[in-house]
Amino acid sequence: MLRLAAPGFERLMQSPSLSATFGGGEANVAVSLANYKIPVSFVTRLPDNDLGIACAKELRGLGVGTEQIVWGGDRMGIYFLEAGAVSRGSKVIYDRSHSALSEIEPGMVDWKEVFKDAAWFHWTGITPAISESAALVCQEAIQAANLAGLTVSVDLNYRKKLWRWGKSAREVMPGLVQGCDIILGNEEDAAMALDIHPEGVDVSKGKVKAEAYLSVSRKIMDQVPRCNKVITTLRGSISASHNTWSGVLYDGETLHRAREYDITHMVDRVGGGDSFMGGLIYGLLTYGDDPQAALDFAVAASCLKHTIYGDYNRVSIEEVEKLMGGDASGRVSR
Amino acid sequence: MLRLAAPGFERLMQSPSLSATFGGGEANVAVSLANYKIPVSFVTRLPDNDLGIACAKELRGLGVGTEQIVWGGDRMGIYFLEAGAVSRGSKVIYDRSHSALSEIEPGMVDWKEVFKDAAWFHWTGITPAISESAALVCQEAIQAANLAGLTVSVDLNYRKKLWRWGKSAREVMPGLVQGCDIILGNEEDAAMALDIHPEGVDVSKGKVKAEAYLSVSRKIMDQVPRCNKVITTLRGSISASHNTWSGVLYDGETLHRAREYDITHMVDRVGGGDSFMGGLIYGLLTYGDDPQAALDFAVAASCLKHTIYGDYNRVSIEEVEKLMGGDASGRVSR
Amino acid sequence: MLRLAAPGFERLMQSPSLSATFGGGEANVAVSLANYKIPVSFVTRLPDNDLGIACAKELRGLGVGTEQIVWGGDRMGIYFLEAGAVSRGSKVIYDRSHSALSEIEPGMVDWKEVFKDAAWFHWTGITPAISESAALVCQEAIQAANLAGLTVSVDLNYRKKLWRWGKSAREVMPGLVQGCDIILGNEEDAAMALDIHPEGVDVSKGKVKAEAYLSVSRKIMDQVPRCNKVITTLRGSISASHNTWSGVLYDGETLHRAREYDITHMVDRVGGGDSFMGGLIYGLLTYGDDPQAALDFAVAASCLKHTIYGDYNRVSIEEVEKLMGGDASGRVSR
Amino acid sequence: MLRLAAPGFERLMQSPSLSATFGGGEANVAVSLANYKIPVSFVTRLPDNDLGIACAKELRGLGVGTEQIVWGGDRMGIYFLEAGAVSRGSKVIYDRSHSALSEIEPGMVDWKEVFKDAAWFHWTGITPAISESAALVCQEAIQAANLAGLTVSVDLNYRKKLWRWGKSAREVMPGLVQGCDIILGNEEDAAMALDIHPEGVDVSKGKVKAEAYLSVSRKIMDQVPRCNKVITTLRGSISASHNTWSGVLYDGETLHRAREYDITHMVDRVGGGDSFMGGLIYGLLTYGDDPQAALDFAVAASCLKHTIYGDYNRVSIEEVEKLMGGDASGRVSR
Amino acid sequence: MLRLAAPGFERLMQSPSLSATFGGGEANVAVSLANYKIPVSFVTRLPDNDLGIACAKELRGLGVGTEQIVWGGDRMGIYFLEAGAVSRGSKVIYDRSHSALSEIEPGMVDWKEVFKDAAWFHWTGITPAISESAALVCQEAIQAANLAGLTVSVDLNYRKKLWRWGKSAREVMPGLVQGCDIILGNEEDAAMALDIHPEGVDVSKGKVKAEAYLSVSRKIMDQVPRCNKVITTLRGSISASHNTWSGVLYDGETLHRAREYDITHMVDRVGGGDSFMGGLIYGLLTYGDDPQAALDFAVAASCLKHTIYGDYNRVSIEEVEKLMGGDASGRVSR
Amino acid sequence: MLRLAAPGFERLMQSPSLSATFGGGEANVAVSLANYKIPVSFVTRLPDNDLGIACAKELRGLGVGTEQIVWGGDRMGIYFLEAGAVSRGSKVIYDRSHSALSEIEPGMVDWKEVFKDAAWFHWTGITPAISESAALVCQEAIQAANLAGLTVSVDLNYRKKLWRWGKSAREVMPGLVQGCDIILGNEEDAAMALDIHPEGVDVSKGKVKAEAYLSVSRKIMDQVPRCNKVITTLRGSISASHNTWSGVLYDGETLHRAREYDITHMVDRVGGGDSFMGGLIYGLLTYGDDPQAALDFAVAASCLKHTIYGDYNRVSIEEVEKLMGGDASGRVSR
């Protein structure tokens, strides 16, 4: 997806210039994994024009496999971004209708081939939101992944400005998540995609209680028998410039909690959840039997994302581990 | 329409930045007329989001009436532009499918109201190219304009990358031009839109003969009885950086010829034809009984356009008249 | 007025580049009103050159009427701006002497004609500061507005670097405000323009007490019998990057107080007071009999201004109302 | 003087950005001399604010003495520049009225002190154009220079948009040039400043004949007995992008001619004449008894100026001599 | 290698900004081949820091294999570039001493492994110029390539500002080229690297005669028995903005000549020779038995390079073939 | 030294652009002194190429004497900078090996001549870190300064990424500081350069106790009999965006403490220590017998540095004194 952002904190088209980079939920997760040296391939559909090709080039450069990309369709999805500050929130204008991906059809991807040597499949709730056929392809992929014995993870990622093709998230998502082993979301995602609500939490207060998410996690696990881990990102929106950030992971037994980071001067919060997911997958693969460590890595990695411009989380394992280790002083390395 | 151009002579996405301005055939003509102090209103359909609003703001600032804009639809048409140099031609990627304008429907514009105090209606061959319903609205508008007694002009403007909705230009355009008093095009437009061909002209040689266009003009007039003026823009493409530029106007009696300008260091050739049309309408309105003067103004105005960045021809009557008067020395005014 | 600002937080001419936009007290108020869909016209004098014309074009694009602009004079007023940070305050260099506006003369504006269909006239204390003839034109305008029965408002806007033509603010302003119904200022304005002082307030402490302004408001009303509302903006300057912001409105009976906003990461504070005035006029016109609502709208609107680059407050009614409604969390809208 | 230029070939304020550098006739000559290692000091008046100080810092950095600058006045002179291309000429908007220099008064500069160790005084026709008092200071300086036995040179530099203080160039300049040993100008300068006209030359044709300047040079020498060298710059304005450039020098005996350079892709022509003068002074000081060599150096130096952005001619002696030596092939040095 | 270029046509450090891209002779050839879908791997040594990693990422994104890169050393080679115009040539400042590559040692690359599945090895005369150990590694690589039966090509690429480690090009290059099948150079390269001189050619005149190169080619073949093709690039330096460009290929029997292109508005000439070599290798691999076609492809490809910013030739086979086919009109593709 | 910084908060080479300015410990101190009107000369070695010359030009412009610069060597030292935010620290990549300065040799500077009219010599621990010969030149300079009776000051400035030539800081620095009257450092510098450790201080906590430095200061004085003042900068690294800043000065009798500034929105912290040293030297020269005032000036000056982009502290005495006087409210000056 092409991301076109107004410069600095300007409103869209205040100046005749846009910062043009690539991003999008699944691509962002893939880049995180590539940064952590996990072999990863991005499966999507891109138009065979200079924009689609440039997107694939960048991903390949960052270490993400692009061999599985299906080429075709008319246009690349676009989103316009205006960065907020203090009491003015960031604003996204989606221009994704009729994108190459939205017009993907079941059968276009040979999932059996794609999953041949794979161990993990990750998808997000954004894909089924953009079109009916994209939702069908998600279903197709999840079934193939289940058949092939892959771990399947999902980021619920509810986007109210999408979901315009006829069905609502609540009609589609519950079916899709049935094939998932690991489910990530925040309070709004659980409510809007799965109709499961945290109790006693007022997110507009900028303060959330980890405890409240235990019941949500349990409800999700009840609904999705296959699921063995529910992860909730905890964002406290003090202002558009200042958030707190943490997460909890419920593994059916324990609600693991992570340190809460105080992100006082956000550089770019888009992709925060994706960088959490990328960190989590790395963590689960690396510290397999230590969900706490995986959660800590995910939270630290995504904390760093908020300091980096663009959708991608351009950090290394060493940088995440340094922050996990407690050094958030931001001293100059020289 | 949003124009997203790579910086300088870079290829698209070579750098993570795009110059973002507005433009498009009819808007460009409207801006030219507003620059020449002709009251003008732009009739189009724009999405009611920050991009559509910014486009209307810019046009209003430049003096173009925006009261007749129909608000609605999902997205604004976009085109991506890469500026060529020397032997590398400029490149356009259209991303106009499903734009607000492409989904305009007959009945959305109250043409009677729109034409109430108007004397002239101008349209281009780009609009019927983008969708069937847009073609129908063109037809609707031309009929209403004819009924209301307006002068109707068209720029044939053939674009091979558009015209993808099912019918070809040759199937649609001949019917539409029947309602036109004034028809402008270049050699390719006449061939592709009306199936009328100049004789003995090889445009790839960078040299065209005005004489050959007399027969084309006559054929057009034969096909379109209402038409009383056929204007042909004459571009000699020596290279992407260097063109010659002129035009001829046939009024049924005489083939008026204009001076040929040598545009040795083009700044931006997009909108060249539109600036010609804007100059021509101004010229015909101002020097009504002197088609030669109108043509000379149009050619000089559009010669200047090639020195100005962006789709719009940001010049004044005085600047055009100075060039018409023969001063092409480009001396500093100080 | 042309605003030439150093890039980012650079000192002036640290790099060979200036951000060039337009602004100025009265223009800023006009743009706010246009954003809120209030018909508004800007009366000023601009030089008939490319700079003056560009300024008018931008205002017209933003929806401000420019028909009343008087064209003439030699130059456009300029101010150079250097944005401060933390303990380094922003810095303004005025270059307004001999501007077209400073050389305006009584008689140049046909105020009777200007005020024909108008209901409100707003002026600021910056205009009489720049030249004697500008002060005379202010007087002329206020008298005409009073005669025509308009509501007259003023932002006292004391600028110590202006007021160099011979008389001091204290000699001129008290006479001019006699014709005003609504008077806005901050603590320094009241002191320097009207010689009226708040008691027990040390603004350099970054903390101000709303209570102290009751006595000031009363004194102003005593001095200006016509005045029915005195509004005081309350800025707590914790640092150049962090301010608190609020305001009080005294209507002769009650001192209405507004919520205090904590603007922790200011993007641009120039135009903050103007955006307050724009919000206030909108509020008084819209919630006429509810001064508290008008004040709340004004404070919220101008709080948002601090997050927007440039002099103009580029926000919509909906955005202001969302903030008034209590949502300052700055969440992403997507 | 502050030079504010639109980016690239944009029209002024087409984008909200201006390139901000310093320049001006005399400063440009001084920088050229400093580049050639000639000790040089710039005598002017600058406002004691961040702009004036930045200007002096840049000059000092480039090697120009700034000790003689008189500090005071309200504002720095500004000119706005829009670069032309092909048939659209560059455009200058002066904003120099009431600048610090325009308000300089006789007596402010201690010319005796300034000229103590000096051998050469150079001034231009721009200074007497901006105000009566500046013209008087020119007169004062020339007289002091004559008294002190300095060589005095002038660049006639006629600017029709200046000369607005009451007298015309023809009324003022003839008197001032009486104190000059060396007079430089082009065809327009001689006509407008001294009422001396070349014969049989139509500059708008883009071709000038050196021969015609012999009579002009002789007439000037007749009018100014002190004058021993008249130099004429020969610019053929083929277009705003393409000029030819040369010069002739008459020393009372011979009309020395220089090679004509074909400047096919001009980068920036402002300061072309100043760079010629800088080269000439260097040449005359260095090759004293060889006016042909001095002329050749001046023409080559100023030819290079047209390839350099900004007012200043940022070239070295070696680069000029390489071009003088005939190597105009523009090969890469690596 | 990191390329740091002044913006536009500015002199180095005229503004506080540098365009930062990657490039270098061998990398440029590799990128060309990747663009033409030829599997290619870049063998070099890069420092294991953010700069080296970013360079490898970009190459990988562009399709160049980076698995053979040897990581180590202290610093990345840098060159500073100032683009010339008209009579002012471009200027390169090398800062390559002690780069990771310059400190490469024999044995660091396992050439047997590198060449396992390879068919072609290309090197340039820049590598042995930077250090003695780099020259030794060249020798090592050429020997291994010869042993493994690869085609070996060289671009002589003489750079007078390099070759500072003790031996001259003439002492080192003749030995190295003994292992080469295909030798490319221009007139200066042959002279400086191999002491072989064209006759009757004055390159500073901007005109070269292809005929003169026949004798040079023959002399090279006499010296290097293994060599079966000698290719000479023919650059006519009319100015820094305008070159002619062509080439000849001698295959031991025939001197094949290519069309001469007139590059009237160069965008960036650095990498021109490399893009020729990339085109030539592609051509020889593709049109194996038709050296004329390979030469034509190489000349057209490198003609296009001069219109593209940066070291890399970002063009496709289709674009080169279009130009080869004779269409140099630079028309807009839309 | 050339400083090449990624734009904004981007990671290095995230965009193809670098901000290019000059800086470095000793140069930064010199610029501070020049800003405070203290005559100062910078002694270093620069390569005689466009980069070295541009560096000297900038320093001369800023008022620093450049006559003592020794010209020679191959390259200019470079450092690449990536600005951190919140929990991501800034990152420096040094590319200083083999710089002109690193290859300086004893005897190249005529210290007797340099110190002829000087009263103070300042050096930093960075110079002996870069090469053995640079360390020897430091020793040579300190001895000459001692002989000539100058006050000698040092900023210990430990940089772990330098010190790679064979000896450690602890082996070299103790000898060099023997010639120093005034020693400045922070907790890490004292530990790494002099093996002297503060007690009970954990700097990673972001809180330091001034008290602990008394013992360190005393130990330094014990080791260095000549030393009469030890100054410690106190930085509390709350995050990369938010630091506290203060300092203590021990004069053998009293530990003077300064106000602690809360730098909540850092613009650029590189050069913070240098700006402290520049302020301190000015303070000691100006308020000689009042070390508290000198310390207060130094702390306020360097507090302001954190709000200014680039290595240099571009502030005036007036601005520092305003902050010293307690006005940190950052109000707009207009």
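By letter and in written order, the chains are A, B, C, D, E and F; residue numbering begins at 1 in each of them.
By definition in this document, a residue touches a chain if its C-beta (ideal position, glycine included) is under 8 Å from a C-beta of that chain, and two chains touch if they have at least 3 such contacts.
Note that the coordinates shown come from a computational prediction; the quantities given were computed from them, not determined experimentally.
By the document's definition of touch, common neighbours of chain A and chain F comprise B, C, D, E.
Considering every other chain in turn, the ones in contact with both chain A and chain E prove to be B, C, D, F. Two copies of one sequence, chain D and chain E, touch each other mainly through non-matching residues, since under half of the numbers at the interface are common to both. Between the interfaces B-F and C-F, more contacting C-beta pairs are found at C-F. Each chain gets a centre from the mean of its Cα atoms; the one farthest from the centre of chain F is B.
Distance between chain centres (mean CA atoms), chain E to chain F: 44 Å.
Counting partner chains per residue, chain E has residues 11, 16-17, 91, 265 touching two or more of them. Viewed as a network of touching protein chains, the structure reduces to a complete graph with every chain in contact with every other.
Residue ranges of chain B in contact with chain E, taken from their complex: 8-11, 14, 84-92, 94, 159-161, 203-204, 206, 237-242, 265, 269-270. Considering their complex, residues 4, 11-13, 16-21, 49-51, 54, 74-76, 78, 80, 82, 91, 93, 95, 97-98 of chain F touch chain E.
Taken in their complex, chain E has these residues touching chain C: 15-17.
Within the complex, the chain F residues that touch chain C are 261, 263-267, 303-304, 306-310, 314-315, 319, 323, 326-334. Of all residues in chain E, those touching chain A in their complex are 57-63.
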